[in-house]
Amino acid sequence: MASSNYSYEYFNVTFPSEYVAQVEIDRPKKLNAFIDQMWINIGHIFRQLSVDPDVRVVILTAAGDRAFTAGLDVQAASESGALSDRSATDPARKALKLRRHIQEFQDDISAIEKCEKPVIAVLHGVSYGLAIDMTTCADIRLCTKDVRFSVKEVDVGLAADIGTLTRLPKAQLPMSFIKDVCLSAREFYAEEALKVGFVSAVYETKAVALEKALGMAKLIASKGPVAVQTTKEVINYSRDHSTLDGLNYIKIMNAAALQTKDVEDAIMSGLQKRKPRFAKL
Amino acid sequence: MASSNYSYEYFNVTFPSEYVAQVEIDRPKKLNAFIDQMWINIGHIFRQLSVDPDVRVVILTAAGDRAFTAGLDVQAASESGALSDRSATDPARKALKLRRHIQEFQDDISAIEKCEKPVIAVLHGVSYGLAIDMTTCADIRLCTKDVRFSVKEVDVGLAADIGTLTRLPKAQLPMSFIKDVCLSAREFYAEEALKVGFVSAVYETKAVALEKALGMAKLIASKGPVAVQTTKEVINYSRDHSTLDGLNYIKIMNAAALQTKDVEDAIMSGLQKRKPRFAKL
Amino acid sequence: MASSNYSYEYFNVTFPSEYVAQVEIDRPKKLNAFIDQMWINIGHIFRQLSVDPDVRVVILTAAGDRAFTAGLDVQAASESGALSDRSATDPARKALKLRRHIQEFQDDISAIEKCEKPVIAVLHGVSYGLAIDMTTCADIRLCTKDVRFSVKEVDVGLAADIGTLTRLPKAQLPMSFIKDVCLSAREFYAEEALKVGFVSAVYETKAVALEKALGMAKLIASKGPVAVQTTKEVINYSRDHSTLDGLNYIKIMNAAALQTKDVEDAIMSGLQKRKPRFAKL
Amino acid sequence: MASSNYSYEYFNVTFPSEYVAQVEIDRPKKLNAFIDQMWINIGHIFRQLSVDPDVRVVILTAAGDRAFTAGLDVQAASESGALSDRSATDPARKALKLRRHIQEFQDDISAIEKCEKPVIAVLHGVSYGLAIDMTTCADIRLCTKDVRFSVKEVDVGLAADIGTLTRLPKAQLPMSFIKDVCLSAREFYAEEALKVGFVSAVYETKAVALEKALGMAKLIASKGPVAVQTTKEVINYSRDHSTLDGLNYIKIMNAAALQTKDVEDAIMSGLQKRKPRFAKL
Amino acid sequence: MASSNYSYEYFNVTFPSEYVAQVEIDRPKKLNAFIDQMWINIGHIFRQLSVDPDVRVVILTAAGDRAFTAGLDVQAASESGALSDRSATDPARKALKLRRHIQEFQDDISAIEKCEKPVIAVLHGVSYGLAIDMTTCADIRLCTKDVRFSVKEVDVGLAADIGTLTRLPKAQLPMSFIKDVCLSAREFYAEEALKVGFVSAVYETKAVALEKALGMAKLIASKGPVAVQTTKEVINYSRDHSTLDGLNYIKIMNAAALQTKDVEDAIMSGLQKRKPRFAKL
Amino acid sequence: MASSNYSYEYFNVTFPSEYVAQVEIDRPKKLNAFIDQMWINIGHIFRQLSVDPDVRVVILTAAGDRAFTAGLDVQAASESGALSDRSATDPARKALKLRRHIQEFQDDISAIEKCEKPVIAVLHGVSYGLAIDMTTCADIRLCTKDVRFSVKEVDVGLAADIGTLTRLPKAQLPMSFIKDVCLSAREFYAEEALKVGFVSAVYETKAVALEKALGMAKLIASKGPVAVQTTKEVINYSRDHSTLDGLNYIKIMNAAALQTKDVEDAIMSGLQKRKPRFAKL
């Protein structure tokens, strides 16, 4: 699919390899900080990728050397956004408006998690606030040596509400670490992120990290796409359900998924020592 | 608030810095082993701290060099407690009494977890049984190099029922490790505890560990208190609910919390390059 | 109990020490790959061990130097099993048959998890597919240096449906790691498995690993059996329920379990500095 | 708000009283059977009503004397819809497409349930299939004496997948009744529907039923809108969560909602024996 | 146990028959409306009854002819309570205080539900607001012909937060009815309450209703107390958990409860055609 | 399938119509009271029916005029069963044995609920204890005018542990009724059972009830079997899960089920005004 279908002011969507899409946040002069239009756009992009038959894996990265993202553009938000809305004076009515606003914001970021295809995030430099919200939606996280993570929100007097406080625990890291970084907003770096398992690997530079991510993406893209998407769906489901529910769910999903021709193709290819080619979804 | 309001025989409650409270278990001659009165007292203390407007963070430590606590004072328990009760001869009636007794004991220890303010535990020396029950209720765990942890209960023929078996899994450590130490009652030490994430950091001595804990407490106490308490509440909620429920919960909570003046103060202070001062809760 | 009661073509069940059973998968010429009969047998074996009063701990291992298991014997499965069934042409009817087939397969493997006694798995060499399904049912995982793990299923075009996708997250390893290995089917080795906590320890050789496992098994077998089984049950329950539910569950279980004579025996033995002997269950 | 903003081919949206909107399904020649465009439209309409400050209650009804709706227009669906799609031959790939299709369909119908404002459904005549899917999303159901209900789906060889099988149990009717009508597709009528509680009241004619619905809508619209919307949200939440979770949820919601000026206004009006006027949301 | 131990200004606690306690709300001049002290007292009373060995069943009723209770004494609440607190001006800080206040209020009312012994509520006359909160905590509800129920809260601009919105759905009444009465605050009467199942029976007068309640209480009190309390606990648990969890829970509870001598006594008494006498709990 | 495959001492399994099986409890001289062998047999029967391609609906009834069943044969149980086991003297060890025993008993009765095919229960005469356990596992309950229901267990000093306390609430009857009959063991009759929805219909005699049940069974058996079984499965799933989970589940199941030829057949038959014939499962 031509990238022209994915044309956005602050995002570059490219296709570095067959079945692999790459989404690059592109507002480097502002440390890739997010204005409202950007989170709306990222929602659109991932909803589109989710059903694009030419895409089997997505890489999420950001332009420039200095930052994956510094998070929400607080200055812009305080000038124009919901936080600065003065129209509702009754706290209960204001609460209602805030609920709707947060819901929309969450929905757009959650589109990354709901994307049917695996998402690999490559983090570098300043990776604050929204960086954590977005990449806890990704399936796999890689980073560079110079990364500087922070669950920044308490520093501006608010609790992170776009996903971090819910999804960081679901990333299954030690709770003592999660509470530490979320309650203090302190920075943490590549080594600690690797030790606790927030990232799966650390690379010397962004270039190397992207290359490794692409290799990983190609590998995943070479597998049966029915199997890959079922695998993602079932792991996410299992995270939020009991063991028994999880076992039942994969049973129901595979009752259809096992009827794919991919299994036959994979086994035949294995016997014939050649690489299988799987049909588009 | 004067510490005189927190006067207990086996606990010292002090205020080493503005908004920081420190609770010290103080029965060092008996390795800080717990008698009934002590777990009742610790429940009282943490319920009080939870609503004390002068407290924003709590440190939990223990007196003496040898032990955080050796756990339940088994000798005392076998002489006077529920275990030694011979009044009920019918096993079903005895079961009912035991349920009530365990419930009360659990409630007092759970007060540490329910405390609205973050709790940092500093463990040293012998840290057996109840030490794990209590500190899995804390938000952040630090320890000294000489710490000796043990989920000791199976050694006296019983399963840990004051929280360890439930909260150790919720601390999100590898299950293979959790099963290993809970089923065997073997000791484990600082290095392993750090590797699996049971503690966030290990320090040379108790003095250093307490100093680091105090630094961490001051840092957290300097953040907007609405944001900090909301953060703790939402992480705990998310641990026990699905991703969707967690996202909804922070949305509902922040609909009120975002209306705090703290956000405005924090942003203004940021622009003016000064430290914000947040009003009491 | 004589091992003659546990007589199966592809499994050796032995009793290397009092109260310790050892189950050895024995089809080394085929890398211990599983044919239908084998997973049915393993279900039987673990249901039997679960209620055998002479067993308090189980070790799960495999014969030969090369593999714990290469997983499902795909060739055999494609010739005779449910996957190759051509009798149902309607996809909905085929789905129904597949559901029943998967359910039976899952039930037999789940017998390992449901076994009331702790299970220690010792993995070595090729440990693919079903190796992960089975050992995520175990309580404690140990491995050798030469182990080669792979969640192999996507390589043959299908999603793992016998438990891995559900139980690997429940093993509480970092999600980024879990997604990585499940989506790519890449191999991972002892060091990474230890780092993320999939295994608790790595040993030089299978012989050493088995010796260590036996030591661990003996230690656990020496504890009060009521306490040990309650501990296993409550941790498993807590994994799938909220903190409050977990606390309530141990309360209800211990209302009966605390009435065991084992507690008295353990305390008496402690005072008399001798090893307690606990009655059979 | 002018109804011109709600202009759809097969729906009439009117405002019969202040703060009350009425949505009328309008394809009476085809017994108000649904084609694809219609369920997409109904999703739009209810998402709009949900945030329309001029709307506090919604009535859902249908044009003509013969039917609320005969359900999905099966003929149209078999010609153009997802069911007739022949492009995917692999059952696993077809399953994926069907999942996406069902999801979209469900999302549009769920918009009725997610509407922040109470929805009162008035059913008459033929009320088959989708009639149940849609009105189990409503808060209150009324009907006429001539109504003919049927969970029709098994009659065309499929299980109802747009909500009935999930939401009919959540309507808290006796299970024996629910199973009976869902498994047999038999018709049931006003009297039985009233007896089991599927509808709250039965009226002689559609005109009377609509008049009663309007009276009910006016009554609800006269109450504090913060209170009404919070009430709807909390009941829906409680239906899907434990008692403890429900109590906690209303606590968190009311912490903001109780700060509304409506409470003061209501109490003042009560003392002054006049009707309160509540500000728009 | 002498009723002197249950001495409260606005409650009469009596013991009309062996093992039966009766709690009477006693502020009839104010239609038994609740001031703060009263809900704190009712919490105390039910916690005490819960563990009182002389009590096996509790009847909840109210003094005077006109009302069970008119609900919260709104005038008193607006003068002194949390709603009128003007000390916190920041909406977020006020929200925190409100959360604590609601929590305490909920806890005291929930004591009725948590009481280990069955509670039978007898409602008459005006039964508004708190009347529903309290009696949805009871196990069995009876009423008189003159009863006037109302979920009154939206009439004063607020959503019911002491339990009604959560527990009325858990009473398993048709949702269409629940939404109707909660959203409109309309009154409903004995006949409708009986039809939907909110009450189990309607009696001509309060005197008759109390007599019937006493008969029911005596009957329950004559059964094995272990069995009765286990029954209550398991039904409440099952309401909030899955079928599988419920089955497991009764299994665990009965593992202790079945060891009661009551079973033997009951069977022996049956054979000897005499009434069994069960030992105190 | 010949009924000879279903040969049991105390059960008659017949096939009164194509695709309809009838299971008759047959120990009328003892009021169809259950001895151990009988609940083991009923488990076998329903597991067999569940996968029998010649069966689409099951009717459950009992021989003789006097009773559906009087429940457990208490005399037999007290002589030989788990309750009378004197081998374990330690209450904790006895609890373990009781847990296993209850589990097995529950599993066999749960086989009625797990049966993939709809089960219609026809109750008459004495229907005590196990009668409720078994028929709350059925999908639809019918009864005769002379039926006498009782949740009898508290009368013999124990709480019902084979399913009633969990499944009666899941039958979605008013809680006040459920508590009333479970706590008091009082009898209730056809009229009340119909009013609260425990049964869907009451018939004059057993003969008439069976005839009506057969008509209902034939009607269900004439529908697409994929649709019918999916419908049963999804309603049962929805009962125990949130609305969102339920919607997702039917989506996943129908992704396979909608690919059935039955839909095409049903639509074609509809157009051609003839009755469809659906292939066996």
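Letters A, B, C, D, E and F mark the chains as written, and numbering starts fresh at 1 in each.
Here is the rule we use: contacts are C-beta pairs under 8 Å (C-beta built on N, C-alpha and C of every residue); 3 or more make two chains touch, one makes a residue touch a chain.
Because the structure is predicted, anything quoted here is derived from the model rather than measured.
Peer 1: Hey, which pair has more contacts between C-betas, B-C or A-D?
Peer 2: Answer to which pair has more contacts is B-C.
Peer 1: Give me the rotation angle that lays the C-alpha atoms of chain E onto its copy chain F, rounded to the nearest 5 degrees.
Peer 2: Superposing chain E on chain F takes a rotation of 120 degrees, nearest 5.
Peer 1: How far is the middle of chain C from the middle of chain F, if each middle is the mean of its Cα atoms, in Å?
Peer 2: 34
Peer 1: Roughly how far is chain C from chain E, going centre to centre by Cα mean, in whole Å?
Peer 2: Centre-to-centre distance between chain C and chain E: 47 Å.
Peer 1: Quick one: which residues in chain E touch 2 or more of the other chains?
Peer 2: 91, 94-96, 170, 172-173, 196, 226, 239, 241, 244, 249, 252-253, 255-260, 262
Peer 1: Within the complex, which stretch of chain E touches chain D?
Peer 2: Touching chain D from chain E are residues 74, 78, 83, 91, 94-96, 98-99, 102-103, 106, 110, 113, 153-161, 163, 165-170, 172-180, 182-186, 196, 239-241.
Peer 1: So in the complex, the part of chain E that touches chain B is made up of which residues?
Peer 2: 51, 90-93, 95-96, 100, 226, 229, 256-262, 279, 281
Peer 1: Write out the stretch or stretches of chain A touching chain C in their complex.
Peer 2: Spelled out, the residues of chain A in touch with chain C are 118, 139-141, 170-173, 196-200, 216, 219-220, 223-224, 226-228, 230-232, 234-235, 238-239, 242-244, 246-247, 249-260, 262-267, 270, 276, 278.
Peer 1: Which positions of chain B touch chain D when the two form their complex?
Peer 2: Where chain B meets chain D, its residues are 241, 245, 249, 252-253, 255-256, 259.
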